[in-house]
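One chain, subunit A, appears in both complexes that follow, with subunit B as partner in the first and subunit C in the second.
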Partner chain A sequence: MIKGIGGEILWVDLDKSHIDKRPVDDETVYKYLLGAGLLSKVLYEKIPLGIDPLSSKNILGIATGLLTASMFPQASRHVIAGLSPLTDIWGESHAAGFWGPELKLAGYDAIFFTGASSDPVYLNIHDTEVDLLDAEPVWGRDVFETDDILRERHGKQCRVLSIGQAGENRVRFAAIMNDRDRASARSGLGAVMGSKRMKAVCVRGTGRIEVAQPKEYLRTMDRFYERMLANPFTPERAKYGTTNLVELMHNIGRLPSYNMREGVFDEYEDISGETITEEYLVKPRADWSCLQRCGRFTRVKDRPYKYIGGSPEFESQSSLGSRCGNRNVESVLFSHHLANQYGMDTISLGATISWAMEAWEEGLITEEDTGGLDLDWGNHEAIVKLVKMIAFREGFGDLLAEGSYRAAQKIGRGSEEFVMAVKKQEIAGQEPRAQKSMGLAAVTAARGADHLYAFPVLDEAGFDDEIKERFGKKYLPEMADRLDPTYKGIMVKECEDYMVMIESVGVCKYGTQIPPEFYYDDISEALRVHNGINLSPEELQEIGERIVNLNRMFNVERGVTRRDDNLPKRLTDVPSPRGPAKGQVVELEPMLDEYYRQRGWDPETGIPTEQTLKRLGLK
Partner chain B sequence: MPELKYVIGDPEVCTGCMICVNVCSMYYFKVISPDRSRVRVIRLDDGLDFPLFCRNCPDAPCIDACPERAITRTSKGTVIVNNRKCDGCGDCVEACPYDAIWINPDTGKAIKCIQCGQCVERCPVDAIWLTTEEELKEKDPTGRIMDLHERHAEDLYKGRKTE
Partner chain C sequence: MATVTVKFYAGIREAAGMRSKEFEAEDISGLLSSLREKFGDEFMDVLLDEETGELKRFYSCMVNGKRIELLDGYDTALEDGDRVAFFPPVGGG
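Then we have the complex of A and B:
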């Protein structure tokens, strides 16, 4: 019997208001783990082809990993997946917090929502009692109000996951929020939840998690904690969170500015980690079992951008700051706070606004389109206004709520050229001309443009030792060189396999990839002590590879081929105009060739070969 | 009476990670379970995280409240529960002004922090430590930490009883 998990999966049929509890199937765990792996398998089998992602036929899955709620460093995470309304292919997003551990303490490892409710509902879980309740008191409310109301009603110790108005209004990049400011942001799954008229999941779990090796448990964790705390990245992470990536990325020409036209931002100091830490940081905050504490809790004291709450992350500083040419840091912080409140992905939000700003500059969008709103670069008042207009689909916000790809299709006039997206999802704050592996990762990620599916950061910060350990000395120095496309296909493949495995055990990429303190052998050890599962590093790698291939097949069956694994022309054909990466483009094709070879996918079509699928037990 | 020690936490330093909570339930009951831990952590929406422990009150109302005389103070000054005598009636839970003693749902016995220090050793940010009243005054002469606790008393000490 597998230890250290909840043990049951909830199937919530919203058409019939019926809830079913099914046991976790051990065989599936040994083939896919839980978390992202479980969702990949179940949703591959169950989501029909040819459906509208916002119809009742879509299925939304939420799952914790095998180590979620354990004492392994940063073991706080849950994964959400479904057919994405932004990309029309595999949609997946992840968040930390306390909600996932609470779900496990209530006895559940996953929830699947099928169908759609006619009236707004929310799910209330108190251990074995699971009820669909009328969401009238919270429908139309923002994320913070929903958290307040449900915890007032069901107990302060409850943990709440919900959508805000953006999800209700089916904004195509709406997030699913938990614990107020944690976001499962990408892929627009908040809109799927909204389309099902499912407002929230309120959980209270008073149970206990029994572990496989209680006698050696604390000693094992002590060793992990010692290593995590001794890692030189940890104090830096605690001090700045991810906020100082602004200055680090600017310094290597990798901080997108002006809709990714450039990779440097002259006013970067205004929105930097240093500025935020000195002027606005209240304190660093952690999630369950987290020693890195990258979470920020910040305050702006004065109007008009006054707030107190959890934010920001580097991605938001980049998307709502430099990417929009915006140096007003208080507006960056406040618009991030608003995005949390209404429940939106700040990456797609800022990137879509920056697309509109460039189209405005080019004269392709005018006041007639925007209803009088001036979209000059850096107009922070317009940015803040647009955040709300998008969440509520008001005026021009209704168009931008479709995401930059669909908005450009509707506007036309050549504005399509300025869409910085892959497979309709906006590229994150990782200028790939300054780090080639990020360009490859953005096109191979299953959920459309994404830096986290592979999170190929080994060439970012001098991890030569780790490269030697994982790949061998012969790949140095090329693999460690950000600007050299050589061996990046090998690196991205390895990173994807590892990262989807990590998302399936429910721990953070911080600590497992940057810094690369823990690797397959440590996860193998943690699974033995916590779950009583014996999976070797090699077996874990194969599981990761299986999941990546299954995600690919999900997309292949929906028409994805090599043609879709492509970057905007700006990144492959237009040399970076300025800064340390000046003159660089992404040499995508040779990297892709190498990647497909590594994967065992047909180089012409980008489709996994029969042989590959057979080897992984997928045929 | 010996100098009374207790664990105190700084809500401006605590990150809310729950490691102390999980160390406790694992150390004593071999499970991960906040409801079976002798420490709890409350996160408030103004950026404060409170790790909360038995205050080891000099006049410990839990001792007086116990009809079975199961709660006593040891020669070292620690208030402990005698499991053979405790029948889980919950009178001590009612009596404690800090919500620092409660009934373990598995054993039906009262549990509370006995100042063992297992969590203190493992707090990744050194937000909690063993102290006496005197030592706390030295470390925090302005009384900031206790002020924060008092100011948020309503949020901190009603949770368990109202559920």
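Then we have the complex of A and C:
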């Protein structure tokens, strides 16, 4: 009997307004864990081929991990997955907060939504009571209003996960928000939720979680806390969150600017972590059991960008700031705040706007297209206007709501060349010519361009000791050198296996990957004392590998091959024009060859071989 | 001697009381000595590990965006116009 879990899975049939509770199956847990692993398995089996992601045939899954709600440092996560309306392949997104732990305390490890409701509904969970309710009072409302209304109605201690207007309007990069400003942002799963007319999941859990070995658990967690607190990253993360990555990225040439034409931004200090911390920070905020405290609570005091709320993090500073040539920090903060309010992925949002700005500069988009809006680089007023126009699909915003890939297909005129996406999803704030591993990670990630599926940060700013420990001395110095493509296939493969496993146990990447404080052996120990599960570090690694291969097969069955594992020409063929990565391109092909070899995938097609699938028990 | 621009970030900037300054130095070791001269021991305590005398764990020093560990370490020679940056632990995405 597995401990430390809720124990049940909710199947919500929106066609029939029927809710089914099914027990967690132990065998699945031993093969896939929970969280990302569980969703990968169930959705691989159940989502039909050839469907429109925004049709009622799509299935949306939400799951917590085996350690979610435990005392493991940063055990705050839940995962959401389905067929992505942005990429038409595997869609997955994660968020921290308190919603996931609350769901587990109510007794549930996952929820699957099938079908679509004819009228807007929301799910209300209060321990064993689970009801689909009329969403009329919250439909059309933004994320913050929805949170206020549902907590007013069901109790202040409830935790709310919802979509905003962007999800209702099926913006292809709509997010699913929780705890007001935590976003499961990538893959556009908010639009899937909107297409199901499913507005929110309001949860109150007052149950207990039974731990396998209480005494040992407390001792182990105590030790983990000490380690996390002693890590030199901890005070820095609490102080700056991720905001001062702007300074680091500019210095290493990895800060995308002007639609990723460059990797430096001369005005970076204006949008830096130091500026935000000194002038706008109200306080840091932490999620469940978090010692890293990367969350921010900020305020702009004066109009026109006045607000108070949770934001920002590095990705938004880069996408809505440097990537759009925008040095007006208050507009960056405010547009992030608006994106949270309407429920949108700030990465795709800023990247899509910056695509339009470059096409505008090139004369490929004109006032006729934009309805009179001037899209000069750095026009912060236009950026802020567009955030709302996209969420509500107004005017030119309706086109951008499709994401840069589809927008460029529609506009044509050569604007396709400026789409900085992989498999239709916009590349995040990592200029890969300045960090080759990030280029590879963006093309191999299951959900299209993505930095988090592998999160290969070991070569970023000095983890030589960890590289030695995880891989061996012989890989140094090449593996630790951001600009050297050597061994990056090995590194990205290892990081992917580890990160999907981490997303299946429900702990944050901060603490497990950066800083790399906890590793397989620690997770193995935590699962033993918390869940009573005995899985060795090697077995956990194999589970990670199994999940990655299953995600790949999900995509292969939808037509993905090596041809799709590709970067925009700008990044592979055009040398970085200036800054620390000047002259660099991403040497993608040799890295991919190495990666496929490591994975046991056919190097010609990029498809897992029979032998690999058999070894992982997938055949 | 080369004239280089040194940039300080986060807690290191607070300890230095400035964002950046020009220094003359031949290599990183020489630069560290100049920093001690200019800012005193308290500043160096923020930057260096007492026992090893080298940068603290996860602190980084970069010359033109490259970590000194991937160059010649503390012997990395400096040239006129080089940009040297000191960072406390920071990373991610």
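In this section, the second predicted complex is superposed on the first by the 619 of 619 C-alpha atoms of A that agree within 3 Å, B and C clash if a C-alpha of one lies under 4 Å from a C-alpha of the other, contacts with A are read in each partner's own complex, and residues count from 1 in each chain.
To be clear about the criterion, a residue touches a chain if its C-beta (ideal position, glycine included) is under 8 Å from a C-beta of that chain, and two chains touch if they have at least 3 such contacts.
Predicted, not measured: the structure shown is a model, and the values here were computed from it.
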* To do: Using the superposition on subunit A, decide if subunit B and subunit C clash or fit.
  => fit
* To do: For A:F314, decide between first (touching subunit B), second (touching subunit C), both and neither.
  => second
* To do: Return first, second, both or neither, reflecting whether A:P575 touches subunit B, subunit C, both chains, or no partner chain.
  => neither
* Partner chain(s) touched by A:G472 [first = subunit B, second = subunit C, both, neither] -> neither
* Mind working out whether A:R293 is in touch with subunit B, subunit C, both or neither, as first, second, both or neither? => first
* Regarding the shared-chain residue A:E236, is it in contact with subunit B (first), subunit C (second), both, or neither? -> second
* Taking the superposition as given, does A:Y225 touch the first partner, subunit B, the second, subunit C, both, or neither? -> first
* Using the touch definition from the top, say if A:G371 reaches subunit B (first), subunit C (second), both or neither. => neither
* Structure fact -> Rounded to whole Å, the nearest C-alpha atoms of subunit B and subunit C in the superposition sit apart by 18
* Show which residues of subunit A both subunit B and subunit C reach, each in its own complex. => none
* In their complex, what parts of subunit C are in touch with subunit A? -> 7, 9-11, 13, 19, 56-60, 62, 64-67, 69-70, 85, 87-93
* Interfacial residue positions of subunit A with respect to subunit C in the complex -> 232-233, 236-237, 239-240, 242, 244-245, 247-248, 251-253, 269, 273-274, 314-315, 428-430, 434, 438, 451-452, 455, 457, 460-462, 464, 477, 480-481, 509-510, 514-515, 579-581
* Can you list the residues on subunit A that touch subunit B in the complex? -> 69-71, 98, 105, 155-157, 180, 206-211, 214, 217-218, 222, 225, 229, 238, 282-291, 293, 295, 297, 299, 308-309
* Structure fact -> In the complex, subunit B touches subunit A at residues 12-13, 15-19, 22-23, 25-27, 29-36, 45-47, 49, 105-106, 122, 124-125, 155, 159, 162-163
